[in-house]
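Chain nomenclature is as follows: A, B, C, D, E and F, assigned in order of appearance, with residue numbering initiated at 1 for each chain independently.
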Amino acid sequence: MQTHQAKRVEITIEAIMQSRLSEALIKAGVTGFTVLPVLGGSGRSGAWVRAGEIGRASGMVQVICIVRAENVDKLIEAAFSVVERHIGVVSIVDCEVLRAERF
Amino acid sequence: MQTHQAKRVEITIEAIMQSRLSEALIKAGVTGFTVLPVLGGSGRSGAWVRAGEIGRASGMVQVICIVRAENVDKLIEAAFSVVERHIGVVSIVDCEVLRAERF
Amino acid sequence: MQTHQAKRVEITIEAIMQSRLSEALIKAGVTGFTVLPVLGGSGRSGAWVRAGEIGRASGMVQVICIVRAENVDKLIEAAFSVVERHIGVVSIVDCEVLRAERF
Amino acid sequence: MEQILTLAANNLLSPIILSFALGVAAALARSDLSVPEAAAKALSIYLLFAIGFKGGVSVSAHGIDAKLGLTLLAGVILSAALPMVAFGLLNVMTKLSRLDAAAVAAHYGSISIVTFVAATSVLESSGIAAEGYMVAVAAAMEAPAILSALWLISRGGDGRRMDSDLWREILLNGSIVLLVGAFFIGWATGEEGLAEISSFVVAPFKGVLCLFLLDMGLVAGRGLRGRSGALSPGVLAFGLLMPVVGSMFGLGAGLLLGLSTGGVALMMVLSASASYIAVPAAMRVALPEANPSIYLTLSLGVTFPFNLTLGIPLYVAFATALTGA
Amino acid sequence: MEQILTLAANNLLSPIILSFALGVAAALARSDLSVPEAAAKALSIYLLFAIGFKGGVSVSAHGIDAKLGLTLLAGVILSAALPMVAFGLLNVMTKLSRLDAAAVAAHYGSISIVTFVAATSVLESSGIAAEGYMVAVAAAMEAPAILSALWLISRGGDGRRMDSDLWREILLNGSIVLLVGAFFIGWATGEEGLAEISSFVVAPFKGVLCLFLLDMGLVAGRGLRGRSGALSPGVLAFGLLMPVVGSMFGLGAGLLLGLSTGGVALMMVLSASASYIAVPAAMRVALPEANPSIYLTLSLGVTFPFNLTLGIPLYVAFATALTGA
Amino acid sequence: MEQILTLAANNLLSPIILSFALGVAAALARSDLSVPEAAAKALSIYLLFAIGFKGGVSVSAHGIDAKLGLTLLAGVILSAALPMVAFGLLNVMTKLSRLDAAAVAAHYGSISIVTFVAATSVLESSGIAAEGYMVAVAAAMEAPAILSALWLISRGGDGRRMDSDLWREILLNGSIVLLVGAFFIGWATGEEGLAEISSFVVAPFKGVLCLFLLDMGLVAGRGLRGRSGALSPGVLAFGLLMPVVGSMFGLGAGLLLGLSTGGVALMMVLSASASYIAVPAAMRVALPEANPSIYLTLSLGVTFPFNLTLGIPLYVAFATALTGA
């Protein structure tokens, strides 16, 4: 089956910032993304687990966005403008996709 | 530690189709897969969040399947036969695995 | 935007082993990781779904850890020492990250 | 007429309806108020268990009615026939494709159990009794409509939509199994069983219904906010007309069967209500090309609120007038 | 004095406080006891709905009080002014950065609805009545403090922190909407509405509060275990002093307004309590550089337990003494 | 004998057992009925809190019994000794590996708190009193069996299975902490505390138990469907024989201690029941090579339903006959 080159960008970010990130992504021309729940994690700002969150306000989510390689820079800049002052991680992986017309 | 080349296929699909996808994968000779919950997403058919789903029937899941490179085509065809008429995304990434005998 | 080469290690493991894995990772010098919930899966030890777990004791989680390439071996050894006798899957993908100083 | 208005006013000012309205308002105002999915599902399990159980206890108390079988049969026929009526109306009133029209039609043959629960609570407040086995009729009406819709599509030359998994998923879907199961448990354990658990299934029932309808309001409101663009005026009008048309078929059936006032009212409610759980799920599998925005917004965003606020008092008033109670 | 001690002892030996203590102890001992997130959220939805509803019913029963408007206004002013007081104290007592101090200050202007709920339950047990509209005052006090804190920061030359989304998120956050909505539902449906759902919103209330406080104890205990290092002795002292200082402002306002004994006590409780849901969320968006470990541990790990165990009996005793009841 | 049959028949026709049967049937029929994980956990928190609390209240009412200490000790000894009995039986009756046999044996020394809860509810319905501290005995019996099993393995030359984390996880696992904590809360607050929250912990108890057992039935049924192949006839027979054998040890201990009829019955139930939460989790950590399909299916799919339906009436009848009540 024919596949097409693309980039898979994965952004781990505070849940409370997710709607702002979505908006920024859509403004940057992204055609779609998927949001996964995150149970817990650890980083420079310490360890946390969702079940043990004080105030339960500060959970995180993982936003996955598959784009054509030529759009990845725009996407990352959009994402970075939101993530910048916040804790979070952005990583990019090369991937192949089916049905390229969708991206 | 010794690692082995493999492919990591990620299929985002409606939850209601998951059991059918699993069956198709197993028929295609896949030895294992992992299903992740999806909180929400956006695509050509609009945006949705699990917590806000009308009828709560149409959530999505992400099925991750690690296979040897030589089996990836069979897997993708099986997946595609299920995904075809449905909304969803299929992506493939090169990866390395430990304990190759498991795949 | 400048990106940096890194490795993305994904470990699918029984939930009950997660705290032990986290400890091992931190001992191995890992600076951060993210834990995703897993809904279900299938492997050599059979199929399971979280909602249908007998005793609900044996769910799984997915631990994602992004590290510099030079640290990946140490990480994998640490992970393997925990996973070894247990069911579970470890895969590694090449990726790029923003803000390399974080890893 | 005056009685309808009083009933409607009482209904609109009950905590139950106001909770629904609060949910709709919060969603339209884009508040982040939300009921966790697991909690909403737990509430619905409670409601299904309680309503099924109480129905069964009532059957055990009043003895089995000769009409039970006929009423079940009438329910199945209504569920199978109403999609034809809906499909016809949709062809006249809207420009929906054959596929979308069939999908919508399936929803209106099937039922909304929450509308049914709300109606039983209105009947109770008004002191109107109903046959306990109406919950079994509700269960029987869930599925036949789906087959009718698929038959409508296959007549258009487009077949092979059902697989055996889908059959099982429809017939043994959680709500049906729980409703029918609790009905039999109530039947088997009777008044004695009720005494044991009535402070769980009876006392807090209305309060739980409030929270559940709060969530339904949130869900319906979000649907309206995000998707109301999907509905043309014709489609919207259908969503308000069809429940009334459906209720008339239910009225006819109820009167023919000689049901009690409450029974006739519930038959009208079942015929008037549209599914938003079982049928949408089946449609995603069997007719994935049909547009969910249309059938979900219509069923949950238009018909459900209409029935809940105006429909139920109307149907109860009709039933009361025509059964001469 | 003796009365305070009796009240405090009674309070400390109630199942509610002991459940909280159990949670703290379990978390400190690193037990894996935990309440699922969805269940905790469901419990809080129940508590907000019940407390709002009962407040509304009480207003509908006693008629609307001329003081309602003034009391709401006093609440808004207190919420806006207390962060200034807190900010001043923090500058004197601690070495926190301007940013961290402002973030902490915001929490102490705003309120903790669970502390409020616990206080109403203590008043009830002691047979002390309070104005039903105090729940509306609670809602009104949630947000102004956030603006004050952002103003404190912007004076330091650091502006542009608010966007319109954040405005909406603060003013229409789920707790406020549910509390106020349930208040209006209670007001509209009155005693009749209460009769319908009292075995849901009244009877099991205290028991639900036990389980909720068990979870709060677990959360607070985990916070203390993981993050207590974040608190210097000065910061810790602030967490114990500020509620008492705040309560005095509430006492003054309550006496000036001529509220009932219960009303004065609740005004003190609101002023004394610190937010740990709405304000932390707003701070993560508006002041992400401020350290959450400080404000969360302080608000939930120090001030909340203090108010729950010693503060509430103290405030009730003061209010009783000074209103001459 | 007749009494046993009546008791068994009553038990089988209670809403509680029928709810369990409904769950099993739904799962075997592959219905998609399911209780969300968070809801099931919330229900179990409720049950543990309520049963612990009521036990504590009962101790505070009847005063502390001289036999408390001895009974706890007997529980610990039974828990530690029964795995040896089970291991012996397994070696005779089955071909399980040493590892699998030890893992299974651990389950049968430990206890199932739901079986205990169901038994207390049967005793209550029959008007048979029991010592309130039996819930503490239940807690004491959870862990010792695990050590016995690990000792059985280490005798086979395979050591170093326990780390300090596992120790803490076993001794401070959520169920134990909640059960014991609620017991002390009940003890401390006594009848007064009970009066405050009895409409939460007493009134809806049996109804909640129904929903919980519905979920247990679903889980057990799914386990049977998916894994029953894992059980040879010998293993299956063990799952039916071992509870009866265990109950005899409990009977002996109870009679020796001079417990009340209810106390003896509960001692039998504890000895007869097998763990399916704490022990499986410990086994996954300590003996990951042991096959979970065997011990889970056996404990939850065979022994739990046996005890729930036939075992409890049998044990109660025995206890009644032999204590001459």
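We adopt the following convention: contacts are C-beta pairs under 8 Å (C-beta built on N, C-alpha and C of every residue); 3 or more make two chains touch, one makes a residue touch a chain.
None of the values given here were measured: they were computed from a predicted structure.
Steps from chain D to chain F, minimised over paths through touching chains, total 1.
Inter-chain spacing, taken between the CA centroids of chain C and chain E, is 39 Å.
Spacing of chain A relative to chain E, judged by their CA centroids, is 35 angstrom. Shown for chain F are the residues that touch two or more other chains, namely 34, 36-39, 41-42, 199, 203-204.
Looking at chain A, one finds that residues 36-37, 47, 93-94 touch two or more other chains. Contact annotation for chain pairs lists A-B, A-C, A-E, B-C, B-D, C-F, D-E, D-F, E-F, with touch applied as defined.
Residues of chain F touching chain E in their complex: 36-39, 41-42, 45-46, 49, 53, 168-169, 172-174, 177-178, 181-182, 184-186, 188-189, 193, 196-197, 199-201, 203-204. Those residues of chain C that touch chain A in the shared complex are 1, 3, 6, 8, 22, 26, 31-37, 61, 66, 93-99, 102. Chain contact summary for the complex, chain E toward chain A: residues 34, 36-37, 40-41, 165, 218-220, 222-223, 226-227, 276-277, 280-281, 284-285, 288-289, 292-293, 296-297, 299-301. Interface residues of chain B, counted against chain A in their complex, comprise 12, 36-44, 47, 49, 60, 62, 73, 76-77, 80, 89-94. Those residues of chain D that touch chain E in the shared complex are 13-15, 18-19, 22, 25-26, 29-39, 42, 125, 199, 203-208, 210-211, 214.
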